[in-house]
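Quick heads-up: structures coming right below.
Next come two complexes built around chain A: one with chain B, the other with chain C.
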Partner chain A sequence: MNTRRLGGLILKESMQILRDPSALGIAFVLPLFLLLLFGYGVSLNAEHVPVGVVVEHPNPQTEPFVATLRRSRYFDVRPLRSLGEARTAMARREIGSFVWLRGDFARQTLGDGPASIGVVVNGVDANTARLVQGYLTQSWQIWLAQLQQQQQAGTAAFPVAMQPRIWFNPALRSRDYLVPGLIAVIMTLIGALLTALVVAREWERGTMEALMASPVTMAEILVGKLLPYFVLGMGGMALSVVLAQTVFAVPLRGSLLVLIGVSALYLLVALGMGLLISSVARNQFVAGQIAVVVTFLPAFILSGFIFDLRSMPLVIQIITHILPARYFVSSLQTVFLAGNVWPVILPDAAVLAAMAAFFFGVTLWRSHKRLD
Partner chain B sequence: MAEPGLAPALRFEAVSKSFGAFRRRVAALRDLTLTVPAARITGLLGPDAAGKTTLLRLAAGLLRPDAGRVEVLGLDSAREAARIQRRIGYMPQRFGLYEDLTVQQNLDLYARLQGLPPAQRLARYAELLRLTALGPFGDRRAGKLSGGMKQKLGLACALLRIPDLLLLDEPTVGVDPISRRELWAIIAGLRDRGVTVLVSTAYLDETEHCDAVVLLDAGGLLAHGAPAAMAAELGGRCFAVRHPSLDRRALQQRLLMLPGVVDARLEGTGVRALLAAGAAPPTAEGMDWRPAAPKFADVFVDRLHARRPRRAPQAIGPAAAGDDGPVLHVAGLNRFFGAFQAVRDVSFDVLRGEVFGLLGANGAGKTTTFRMLCGLLPASSGELRVAGQDLRTAPAEARARIGYVAQRFALYGNLSVAQNLAFFAAAYGLRGARLRARLDWAEAEFELGPFLAMNAADIPLGFKQRLALACALLHAPPILFLDEPTSGVDPLARSEFWQRINQYAAAGTTVLVTTHFMDEAEYCDRLVLMSQGSVLAAGTPAAVRARAARPELPDPTMEEAFIGLIGAHEASLRRAA
Partner chain C sequence: MARLLALIRKEFLALLRDKASRMVLVGPPLIQLLVFSYAATFDLNNIPFVVINEDPGAAGREMVARFAGSPSFRQVATLPSTEGVAALIDRRAALLAVHVDRDFSRNLARGRPASLQIVIDGRNSNTAAIALSYVSDIVLRFNAEWAAGHGGASAPAVLDVRAWYNPNLLSRWFVVPGIVGLLTFVVTILVSGLSVVRERESGTFDQLLVTPYRPWEILLGKAAPGFLIGAVEAAVIAAVAVFWFGVPMVGSLVALAIGLALFLVSAIGIGLMISAIAATQQQGLLGAFLFLVPAIILSGFATPIANMPRAVQYVTYANPMRYFMVILRGTFLEGDGVGDLLGQYWPLALLGVASMTAATLLVRRRMV
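Let's look at the complex of A and B:
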């Protein structure tokens, strides 16, 4: 490898990045946008969910239950007078669920059999429906416990009491695991999408043909692309980490060094994929499409960044194992929220290293300094 | 052709090369054997899809032959491409420049890539910038240069380390005459230093700069030799024909219908005719036949004519240029882009049935003017009437009367020829019997039948041009706008194209055309010559040529007139500044 030629290529690429608004956009503006969007806009927690409460006969037994719901930060209570009114509100999407305390609720609680509470949840948004169902059950248990205390009954209705502790993300803030996962998405954008686009652009504009007819070797062309975008990708990661720490107060429990190491490995995989795509697709439109479908969307949807992999169908779960983003997201979330958990990080890193080697191998094998 | 004592620079032995797969496999070169002498300029000519680019890419080691052997500077191109690439300079058809880098940064990059030692760089830059006259533009981004400047920069990048063999793929396409001259001066200077140059071109007149010419057709060698010697073989077959009463276009059509006439094209004040071998000048009424010196353009037509049938000429009546007022009226037209004035105070009128040309160098403002005339761009100020409609108040009505062929033919490449025609017919609102009749007309008139089911992207360039013209004429518009319709199209297709245009003009269609081929200016009834946004000269081609006549150049060609007038105009601007 001739350092003078390589230096020329790297200098050229860096200059183009600095001059090209679209490259800077993908490298810095888009990450910033995604970070702000996911940091502030997207929350997977259900809070202030409008819930209707239909109390057919308000009385001293029903009042504490409604008060419990009111106190909860998960719900905004809308009192309703009848079942019909509740149905209408549900259909209009004014409420996502409602609780129905029947007219004979008070009598039932005093009777022998169990008193029944009707809970109706709009199942269109299955995820929120499940969350709301859980919260409602929780509220009902709290109310029951209070009821027992008041009655000073000697025997508890429940012989077992739950003492919940939530580890790694005690506040259950979805932002704390979304923001680290976002780093994977951003590095995929820079490594795979941007790289595939810029190489395809060289084919489109005919500059690749001129490069190939010069004494430059194929390895020099590849490394000349790799190094500048590696630096850019690590810059994108640094930006994300700084924002995560300062603006979003996401903890970093593992070491920064481990984070950098795993990120560098993943970035190499992404660059390998980008270069491989560009050796197949020689125009920007096709290269962009392939990069989005093969690298970006999987990194978004199938990496465990937003959706839990274990709740996916088995076939999809198996597919996720060939996606590099899966291993990176798992390591990222571990390093940020749990710490240097080597049994997670080392296997992930090993898989990423193997994948990087694979993609570079195939790219080198496929790239010829010829047009046919 | 090889000179005694000098090994040939390039040797093709029975080389074949095909592209594509299965049924769409197309042979680019078939069993080609060729030797290119060292330290000479060899021109590479041929119609579209003749295999010129493939030949150059094989020589640059960018392609491997399917069969046969390519030897470059004594090295085998399949096995020793890396060693070849250290000794050649190559300029692909599309510049190969980085448009977002400056002129100087492009030079720096290629200097490093070609391994030019830093100590030699400054001297080399200075020389190349002087040769290309790009010195004042060192800090300008390559993307902001004019077409001619880009080509010169591309050439400079290929020449940083003086190569043993220089391969140039159509370096002068889309370049104005002044820049073309400069490019050829640089190339000639290289030969004097012992560099072998192989250059492909679409301009037949450029063969005068070449020591030898290779004529390809359909991947095979059609002719190879010194252009002057090849032209001399046509002695006694070329004539300048005049007629006292017929206008030039009518005379040309009449000549094409005479037996024994291979080709007739407009030149100067008359028509140039090429006769078949052994044919005597026909003694037709009133025509004045004078022998003319054969040129390479005659050789090209003669050799290719034998291989493909020519379109049957159509009889055209007397010119229908009416006196029913101007069809197109432009007065005091101005257009600003920010503070920059792209078009300044342009005025002209075009009459019915006229072929009117808009000529000028790159950046002269002809495309901007054109777009305003088509209603694609609003004028900053001035008067614009198309077929009696004011473009400012009734743009839709004016546009319905226009047929438009865009630069590079705006066709849908992945739709078939028939689908393209159907789409444009629908876009113009044709229906029922009229739709059927117009589609049948287009198919027959442009001989598109064999290609109807093929994708528009896959048909030869000459047919793409026909298809684009067919689409523009489906609604039978009274006015036809053509924006560089012949760019990149080979000379035979161009000549046929102009015959069609003449025919439509004679039938009453008004045609407005931009071109940078100066010989095509001869096909216009009248033209304006633009430079830096202003009209420099207007009138008939003969009048414009006469304006540039000087004692030492009494009968300038259109190209010489163009260079002279623009040079004088720019000098006067400098004096005024």
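Let's look at the complex of A and C:
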């Protein structure tokens, strides 16, 4: 390899990135935007959920229950007069759930009970519905415990008390797991999508042939292409880590060095995939589509970034094993939230290294200086 | 009119001439439809857990049996003490640990509160929250039955929970209708986003401009393929959702069709705007991508808009996909008719008029 020639190629590639606003957009604007969006915008934690409350006969028995709901930070209580009103409010999507205390609530709770508290949730968004149901159950338990304290009843209404301890993320902030996973998405964008498009453009425009006609070797062309994007990708990672730590207060419990090492491995895999895609497609529109389908979307959907892999059907789980993003996201979430857990990190890193070697091998083998 | 038809015919030929482009319009949406519909779920059905049962009594065994018997849980190990738990959870072999302590049965028998410790991996906070709600369900049922069987005071009031529109709370019923919108959006934006710029790059746009066609006619010709392809794709995916994935379709098809038409117009308008601004196909592609990713995230497709900060919620009002998501889920699951969705139609129509006007202005500006 001739360093002067290589330097020239790298310079050319870097200038191409800096000149094109759309490439800069993908490399800098979109990652920043995604980070802000996932850090501030997107959340799976429902708070201040509007919940309708229909009390048919307000009295001293119903009041404490409604007060418990009011005190909960999860709910925004909307008093409603009748069941019909609740139905209308549900249909208009003003409330996502309502609680219905029937007219005989007082008699039942004081008498031979138990009174039935009607709860209706809009099940369309099943995930939110289940969370809201959980919050309502919590409020109900708090209400029962208070009632018991007042009455000083002998036997406990809850023979078994559950004592949950949540490791790694006690407050269950969805941001703490979304932001680390986002690094995988950002590096995929830069490493695979951008590289695939850029190299495909060279093929499409015929400038690849011009490069080949020059004395540079194929290895120099590849390294010249990859190095600037490698730097961009690592820059994207650095940006994510800094924002995660400073702005979003996501803990980093593992070591920074491990994080950088795993990220570099993944970036190599992503670059390798980008190169391979562009050398297969040689057309920007098609290369872009393939890159989105086999790299970007899997990093989003099939990596454990948002959706838990363990809940997927077996066939999909098997597919996820051949996708690099899965290994990276698993290591990212572990290094950020749990620490240097070697039984997770080492196997992940080994698979990523093998994948990187595979993609570069195939790309080199395919891209002899040849014009077909 | 004949003139316009000829132009539209030409646009279709330009788009479908190339085999690779044809494939790209059919293959990726199909793969995405299948993979997403199966993969994008928040339901848990296979929670691996460890048991540490130090209780010699029957109540502890009974408690553990309820976990093991639940279809949502899968026991992966039984440990004599809490010692090995950390290692199992750290390397994700188990999501949670159920720890029954030594006095569990004794406390229960004496009417003292018995405690059940649950340790859970919070790395994926949503999974942890859902798993905890499953655990809580099991414990509550145990409590109710224990109280009933041992003469304890039953709770004075119990919750009777019903879920409307999706009684079994299946994630798939939520995700698959959303995918109809997602894939239609992506295909429409891509097709219209590359339409003008492709001709500009190859220089044929100038030739088109010297014909007697007026700018709006040229744009209409450019919009037609996106509209037809988007409509066909949406119809096919909706059919797959109903007949393959078994998502019910209880609302009005007419209401859905009106929503789809309005949605397509606004999506095409945005695509044409991107195409008019872009100087090269690559810029068009990346521009489409730069728009699509945030638009999808801020649409309510996967995460509820209601959970977003107020300022971000205002931004979503400019996103056509936001309204279409409501229309899709309303017609599929909630049984909405045209009247119920007027509140979604008019913003879509407004966005359509605005984006189409902007696109026409941008193309005209490019001409002079």
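Please note the rule applied: the second predicted complex is superposed on the first by the 371 of 372 C-alpha atoms of A that agree within 3 Å, B and C clash if a C-alpha of one lies under 4 Å from a C-alpha of the other, contacts with A are read in each partner's own complex, and residues count from 1 in each chain.
Basically, a residue touches a chain if its C-beta (ideal position, glycine included) is under 8 Å from a C-beta of that chain, and two chains touch if they have at least 3 such contacts.
These numbers were taken from a predicted model, which means no experiment stands behind them.
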| task | Consider chain A as the common anchor and indicate whether chain B and chain C clash or fit when overlaid. | result | clash
| field | First, second, both or neither for A:Gln16, with chain B first and chain C second | value | first
| said: Let me test your reading of the model: by the given contact rule, A:Ile316 touches which partner, first (chain B), second (chain C), both or neither? | reply: second
| Just chain B (first), just chain C (second), both, or neither: which does A:Ala249 touch? | neither
| Does the superposition put A:Ala67 against chain B (first), chain C (second), both, or neither? | neither
| request: Check whether A:Ala357 is in contact with chain B, with chain C, with both or with neither, and answer first, second, both or neither. | output: neither
| request: Figure out whether A:Ile26 sits in contact with chain B (first) or chain C (second), or with both, or with neither. | output: second
| Which partner, chain B or chain C, touches more chain A residues | C
| task | Superposing the two structures on chain A, identify the stretch of chain C from 5-13, 23-31 or 77-85 that clashes with chain B. | result | 5-13
| field | Touching both chain B and chain C, residues of chain A | value | 20
| field | Residue ranges of chain A in contact with chain B within the complex | value | 2, 4-5, 7-9, 11-12, 15-16, 19-20, 205-207, 209-217, 369-372
| field | chain A partner contacts - residues on chain C that touch it in the complex | value | 20-21, 23-24, 27-28, 31-32, 35-36, 38-48, 63, 87, 89-92, 95, 108, 111-130, 132-133, 135-136, 139-140, 142-143, 146-147, 150, 152-171, 173-174, 190, 194, 278, 281-283, 285-287, 289-290, 293-294, 297-298, 302-304, 306-309, 312, 326, 329, 333-334, 340
| Considering the complex alone, what residue numbers of chain B touch chain A? | 19, 57, 60-64, 81-82, 85-86, 88, 90-101, 105, 108-115, 141, 154, 157-158, 167
| Touching chain C in the complex: which residues of chain A? | 20-23, 25-26, 29-30, 33-34, 37-38, 40-47, 49, 65, 90-91, 93, 96, 105, 108-110, 113-131, 133-134, 136-137, 140, 144, 147, 153-170, 172-174, 176-177, 193, 197-198, 201, 281, 283-286, 288-289, 292-293, 297, 301-302, 304, 306-308, 310-313, 315-316, 319, 330, 333-334, 337-338, 341, 343-344
